[in-house]
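As written, the chain order gives the labels A, B and C, with residue 1 at the start of each chain.
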Amino acid sequence: MSGYILETEGLTVQFGGFQAISNLDFRVKKGELRVILGPNGAGKTTLMDLITGKTKPTSGTIRYDGKDITGLEPYETARLGIGRKFQNPHVFDKMTVLENLEVAFRGYHRVFSALFYRKNAEIKDRMAEILSVINLKDKAEQLAANLSHGERQWLEIGMLLAQDPQLIILDEPTAGMTAEETCKTGELIQSVFRGRTAIVVEHDMAFVRQIAQVVTVLHQGKLLAEGTLAEIENNPKVQEVYLKGDVDA
Amino acid sequence: MVMQQIADGLGVAGVLAIAALGLGIVFGVMKIINMAHGELIMIGAYTTYMVCTVGHLSYYAGMVASFLVAAAVGLLMERFILRRLYGRPLETLLATFGLSIFLQQFIRLVFGPDGKSVSSPFQGTWMIGDVAIPLFRLFIVIVAIVMILVTAWVMFRTRFGMQLRAVTQNRSMSECLGLNTSRIDALTFAFGAGLAGLAGAVLAPIKTVSPSMGLDYLIDSFMVVVLGGIGSLAGTALGSGLLGESNQLMTAFISETGAKMIVFLLVILVIRFRPEGLFRMERR
Amino acid sequence: MRLYNQRIDNVLAVVTLIFLAVFPLLASDFRVELMGKFLVYALFALSLNLVWGYTGLLSLGHAVFFGLGGYMLGLAYSLQNGVPPFMSRFGIEEIPLVMRPLESVPLALLLGILVPGVVAGLIGYFIFTSKVSGTYFSIITLALAMLFEMFVVNMQAYTGGFNGLMGLPRFPVNGEPLPLTTYYFIVLGVTALAYLFTKWLMETHFGKVVKSIREHESRIQFFGYNPARFKIFVFTVSGMLAGLSGMLYVPMNGFISPQDVGVVMSTSVVVWLAIGGRGTLMGPVLGALAVNWLSNLLSEQYPTLWQLFLGAVVVLIVLFLPNGLYGTLEHWWKERSLHRAEKETKAVLLTESKVDLKKARWRA
């Protein structure tokens, strides 16, 4: 029980007659970097939606740090410490880079605290720190809309840093990045998110090789295999379903 | 007494059904609320006035003309305005709102602010015991039923209808499959507008034709769509029946304002607690 | 960069304020009264701007809050000399219990802000805690405006019906109604304060969140914010401001009628904001003043043509200038100053980077 930051038990979600996730038992230990693989439609993003509360399960439970979070709203799971980065960078275009980071900053969720928030020295320092980590210091006052695609991805990662979650969900964080940017993102994830737990949904096998510790493979909403990358690659079931004929890399 | 009220309510329900059908189809397929819907009804009514009272042609000609004229206006609207605002519902709302002002004033400029009248093509009443049903109201109900059936036939038995349903359920997928969604949008909007025009045509003999007659029907049509559920034809039929009748009954026993308030509250409750509509039909 | 942007907003605000302050010296009493009325409209526009311009909720029934505030004060004045004629005509001998509080003008002033606020809060609570879309919200508020107008007309015994409340005094203090100029400056002062309040509110963290809700509501949830709470709060504050404007309207205008509290007023304020530029600070003010002055000048001669023109302008603005006239100006100014600032930063960086490269080599 302890040591697991995230647990799902018998998790099922049904849309009409279609079971997107089927009786899934899924566990992640604290501090792990878990990669989730699976062909399109396997239910990876649906699982992320369920964990964060964007979708409600039809049955089963989800536990975060021992606490039952089944059926909570996204803003509630966020407050508990679950952060999420989306495939297409969801940054706020009409605000500046700095404003985007500020909005993500934890602790000012209530209407009244938001009204009387003061940017004190501590916050200023943290902002500066994050800005240099994501390499956007000289673009702090730029509108997010004017950033390049890679810069927007990093801004979103910066926002996650500002949010300071304990469990970070990254949905295809390197989508649309160059090889160099992908490598840098891998380094960023491993260094900056150390001490926290990360779940990464990915397709790019080179990236996966760079960062993976434990890998979970989903197929048609069910758990297909789990283990190290080497174990997965040699697993005959996985080969049959996913890696065979897959020229991704 | 009550039966009479119910009979009277049929006419109201019938007009509402036709108008709401138009609004609902557009909302279902294009996900937009046309704020000028009421004005399209009004244009239909004025067309009937022109054709029948001024042109002295038959009422049926008036009905057809109203449908066509309103559909044409709708087509122009879609082509020049709505198409540019695709995917931005609030902007669409605002633009159609501006258009509604424009259309109202335009008609006022051309025809003057006074009400016009169109004489009812069917005089006479059908007596069922004590209850008097004016023949024209019956006619409206028949037209409403016919239009619902026609729409159902188009939706479920024609190729176009199938394409329409595909776009309603998954627009991007439909585009990938090669459907010309802009053509479908244009035709859908034109059809919805035409229905509005037709509603105006059947309204003309029973209500004074004036430039501002449309607003009431915009709101009422919207309420029917909410109550009946978007995209549900049966829902629209039942919703307009419910709204029309309850309005009529409550107006008789409470007051018009009171009736409208109660209906409004009901709609709020439905939106809040059963947003898929009161008459939830399984949509496949 | 902020500096460049702030400057045009503030400069324009100060210039406008000076002009408005000096206006009574330049214009006839009749014109001053009109300007005062339009200032009230500007305040009303600022209230809608909070929910529509910044939070993205298009309320098509905002005149309801305006009307609630206005009628509170209007009724209070009407009740000052006992049962007013529009009531006694219906055989009402005594002031109804529900209206007793309005006999006290100071209390009415308070109620004129609180009642619209509470109503807005309730509506907001009902609507924003459900997953109802923006378009539904708009039509519901439109229906509300229509209903409210009908209600006021119907309850003639209590509200003066279709004709409204007439002969209302200009904010009497110690029995003496205020002179026009004095009251004009009160209105100007309150509007200026409301302007500053809006400015402050939207520059807080709260304002950022609210703007994010407008831009991408589902995303802001993932950062821990409950959009419903924020929307309800903004809507309530907006309701209160609208009620305040309604109250200011009564002494300026001398009467209030159902036409001021229903669909026409609600949609008019939307037009002023659309044309002026929602989501900015000066946009609503300038839009309200400009459209109303033009209306006043042109609509006597060409009432229908003017409305026709307005409708067409709204459509054109939505299609081509979605930020409104002032909004587009502000946007252009911002872009221009950003480019200037970028050039400066690039120049600075260029000189700096030469130095950095040397440092970097050492570090590697």
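In this text, a residue touches a chain if its C-beta (ideal position, glycine included) is under 8 Å from a C-beta of that chain, and two chains touch if they have at least 3 such contacts.
From a predicted model like this one, the values you see are computed outputs, not experimental measurements.
Engineer: What pair of chains is linked by the largest number of C-beta pairs in contact?
Structural biologist: B-C
Engineer: Relative to chain A, which chain has the most distant C-alpha mean position?
Structural biologist: B
Engineer: For chain A and chain B, let me know how many angstrom lie between their CA-based centres, rounded off.
Structural biologist: 47
Engineer: Hey, how far is the Cα centre of chain A from the one of chain C, in Å?
Structural biologist: 41
Engineer: Rounded to the nearest whole Å, what is the centre-to-centre distance of chain B and chain C, using the mean of the C-alpha atoms as each centre?
Structural biologist: Going by mean C-alpha positions, chain B sits 33 Å from chain C.
Engineer: Of all the residues in chain B, which ones touch at least 2 other chains?
Structural biologist: Counting only residues that touch two or more other chains, chain B contributes none.
Engineer: Considering chain A alone, which of its residues make contact with at least two other chains?
Structural biologist: none
Engineer: Could you pull out which chain A residues touch chain C in their complex?
Structural biologist: The contact residues of chain A facing chain C are 52, 54, 73-75, 78-79, 83-84, 86, 90, 92-95, 99, 102-104, 106, 108-111, 114-117, 138, 141-143, 159, 163.
Engineer: Which positions of chain B touch chain C when the two form their complex?
Structural biologist: These residues of chain B touch chain C: 32-33, 81, 84-85, 89-91, 93-95, 97-106, 108-109, 215-216, 219, 222-223, 226, 255-257, 260-261, 264, 267-268, 271-273, 275.
Engineer: Write out the stretch or stretches of chain C touching chain A in their complex.
Structural biologist: Residues in contact with chain A: 1-2, 201, 204-206, 208-209, 211-212, 215-216, 218-227, 229-230, 233, 338, 341, 345, 349.
Engineer: Under the definition above, what is the set of chain C residues touching chain B in their complex?
Structural biologist: Against chain B, chain C makes touches at 56, 58, 60, 126-127, 130-136, 138-140, 142-144, 146-147, 150-151, 154, 263, 267, 270-271, 274, 304-305, 307-308, 310-315, 317-319, 322.
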